[in-house]
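The two complexes that follow have chain A in common; it is paired with chain B in the first and with chain C in the second.
And then the complex of A and B:
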């Protein structure tokens, strides 16, 4: 066990930061249960009326479905393209390798605003009409670079010797990928896909520039923020928070389970050897 | 035989990476080229075309409102990034060296706070800082003030507070990840040699953390200075950033040329800033500090 170095000052700063990070969220969730339409103290009574209103609102339900659809497709497209990119680039020895990698690394530094206006201009220029498809494409190119970094780190840890052994035994590339690489990195890839889902589900700035007549949930929240001020926004916000946290918890529990199983496997192998 | 196999595997791998690379070229890089082209063309009201001109750059660089907002963006970005990294560093330090078994739960809380939506945060700060917001009503009911405080919202500070709230978890995670490889022995050695906390920070921690701090700073600078939604709800007339203007050109006025020029100027500024920071790090020999 490493020795700890108690430090009151940095501990105090951390505590303040946690309060700063969570106080606003607590206020939002608390007043989503408010019985009146006031957003500030005093808290006059508990009620679920805002959840009721939000969940029975047709625009919100449609937007929720659109958002789920976009986030699912984005997550799937990111998983496929991002994995292909990270796998190909880690394995190749071609001279263009660095160039390929930069196609996925440079975009990380690009702000969402720039991608949004650039894609909008591109769609306009090419005469492509804006729709949920244009949003999925936008979200996918927005998230792939992040996914790429995560996946590439995991793929880089795989031992080349293992792959060479498989190749020597005559395993073709696809088989090697499926039986040697995939089991090793699948948890990381799925965590990346979950990350893509959550980012897409919450994405506003890029969406704002490339969406047509449909509306995603963040778009609805945005237009409500400009028009109405009542706890219905708190209710939508709280629902989003719970949904995101649930996805995160599932991903966390899954990866913990995989890690435990892997440890048990290793233990079993050791016993076999003995 | 083996070499052949490797060569083939290398070629197959390149082939696998090609479709996603093409996707990025078409839908990420080509669009940037399109705005670069638009920025040299003329047009209003969602129409753009010839004649070619450099007028968009003239207006981007000289128009009063553009200059004001660009300056606001730079100041807001500098302050937000500075405060965020300044707070993130001691927090990462605490998590790494002092937290013990509290490190995992606290880090999980920090990560969980990332899941609060982007618009949700903006909304939360509006309900807290607003004229009839939580802070004002709390102060009024405690009889500290008679009239609501007007300076809490609709200025640069309220924008920076919301941006800090957005960026701090990212900065903590980046800095903590960078601090993990630093072994506590290093600080113990410093203890043994009689170095106090200030010397330990300036001679041990900061040199090792300079490069990741620069990355975190740049990251926060970019997301906060390019934001246009937070200023829209919290910035008031004096807290608007360059993004506000770019959004106006693209979505409201349909002036793709002028908007494109501003966007290109923004990208170039970020690129220059990045190169500048790297040069400074290299000059100070802090770009690649090794730990034992």
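And then the complex of A and C:
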């Protein structure tokens, strides 16, 4: 491909775009270390007081734990249900496979607001009391379509002949799943579960409708923002950012490693043909 | 010798389409039987019914005296080598080969010894720690073979295992398969559409067509005494003449056009028939007889010459393979064809 030499104008536009994207993040993180309670420049000195305040605040600590609990359970439920769904659909007859698959994928188009309202009226109508459990259910419903797409792609790559070979060598269905399918798709499934964790951890709208007396971290941030504005919000945001980035980074590195191995395998196969 | 595998009255339908019709086969212990036929003839379906990948609509599969028709593949003491390599990418060569033993919970030490033995048997000693992607196509198929035979299956099933390989490697692998069969002494059932492969490998050949076994016999018997026009033309090269017999004696038949064609032992035959003559049985004599033909093509094949000759009286093109040491007949020359009466075969045409 022909590479264009950067000129001044495109360089400037690129710079503007990057500043626009990252400046708020930098400001948020920077002012979380501010020694005074001002949120805007000038910056008057470093301090960890807001982190101290945030981490010693009981409401925030509880909300963090609630969020972690919900995200972990959501991630686990998504992993189990999503994998089962995707695996089941790859094993069904070709004629109905497309129909089932689209039923699982279509909810991606559903706005969080509608899902929140719908689930809340369902819970209330059925007399199910709102709690973190209802949030986990709601979050799982919310992220499963995304996870399903990821899992389906990975599972679809496994050749039927390979599973037949495993059966022929004496492996019953569960053994085939554990020793032939899972080693192939586990990296992708774990990356999908990490995605589910991060989405659930950040989620606000659906949570808002279906949570009971507990509060998740995004909800605490929101309610605090309405009362006071001081760098403690920045400290919470920075912590969230750090946590999200870490999970994404782990998932990314992991999938890169898997992709690299797959590419090497393909290369080896190509050489073999030549 | 006892019967190791027996397929009785096997019929299978996919929806409305009947793909197998009343297939009956017996395979002796230690035998190399080949299912031969064009694509869609039911040979692979039969093999899959034996392996357990499909439950036949009707009929039974008996393995060493036991009815296995209803058993899933993982409960049948047979193993299969597939057309394309089916090695597990996350396992190395040794782990792939030992897969079946691991499923069967064979102790680690025995697993290892048997894995090394199997590797030696397919002449890949020292390859146990290789990744499967480092292997060539031929080596991969050897690993697939080793992975199947390590389980000491009662019957080894081979579904066109060589068809994805280059000709040169295919010929090498044929030699290897014959050697393996001799050394193991176990029962092999082989599927192929390549009649040359079938003739080269098998003790017996079951010729399939349209979901039926049209003939099951030794390679030589099928080649020399085909029982149908299909078997004659599918196995080996053949001239199949469509004739109507007017009268016949013990040495020849006379067609309704008055042609006298040599064939032994059909005195009293009449009506529509096929006459089968192998190209290597055709001889050329100087022009002047009833079966005059014009040479339209001649190709040198090393030890022989292959001719195509237009025969006006039979209204067809005849293939002939003449040994190289005889005088060559140039294109456009006119010859008279003949063949030994006992080499020709007369089949009733319905």
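Basically, the second predicted complex is superposed on the first by the 229 of 274 C-alpha atoms of A that agree within 3 Å, B and C clash if a C-alpha of one lies under 4 Å from a C-alpha of the other, contacts with A are read in each partner's own complex, and residues count from 1 in each chain.
Simple rule for what comes next: a contact is a pair of C-beta atoms (placed from the backbone, for glycine too) under 8 Å apart; a residue touches a chain by one contact, two chains touch by 3 or more.
On a predicted model such as this, the values are computed, not experimentally measured, just so you know.
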Please indicate which partner A:180 is in contact with in the superposed arrangement: first for chain B, second for chain C, both, or neither. second
Looking at A:209 after the superposition, I want to know if it touches chain B, chain C, both of them or none. Which is it: first, second, both, neither? first
Thinking of the overlay built on chain A, is A:9 touched by chain B (first), by chain C (second), by both, or by neither? first
Dominant toucher of chain A (residue count), chain B or chain C: B
Thinking of the overlay built on chain A, is A:159 touched by chain B (first), by chain C (second), by both, or by neither? second
Please indicate which partner A:167 is in contact with in the superposed arrangement: first for chain B, second for chain C, both, or neither. both
Intersection of chain A residues contacting chain B with those contacting chain C? 167-168
Any idea which chain A residues touch chain B in the complex? 2-7, 9-11, 13-14, 17-18, 20-25, 27-28, 31, 39-42, 81-82, 84-85, 87-94, 96-97, 100, 103-104, 107, 109-115, 117-122, 124-125, 137-138, 140-141, 144, 167-168, 173, 198, 202-205, 208-209, 218, 221-222, 225, 233-234, 237, 240-241, 244-245, 248
Chain C contacts chain A in the complex at 51-53, 72-74, 78-80, 82, 84, 86, 88-90, 99-100, 103-104, 131, 133-137, 147-148, 151
Using the touch definition up top, name the residues of chain A that touch chain C in the complex. 159, 161-162, 164-172, 175, 180, 183-184, 264-265, 268-269, 272
Sites on chain B touched by chain A in the complex: 2, 5-6, 9-21, 23-25, 27-32, 34-35, 38, 46, 87, 90-91, 93-95, 97-100, 106, 109-113, 115-128, 132-134, 136-138, 141, 164-165, 168-169, 172, 183-184, 187-188, 218-219, 222-223, 226-229, 233, 243, 246-247, 250-251, 256, 259-260, 263, 266-267, 270, 274
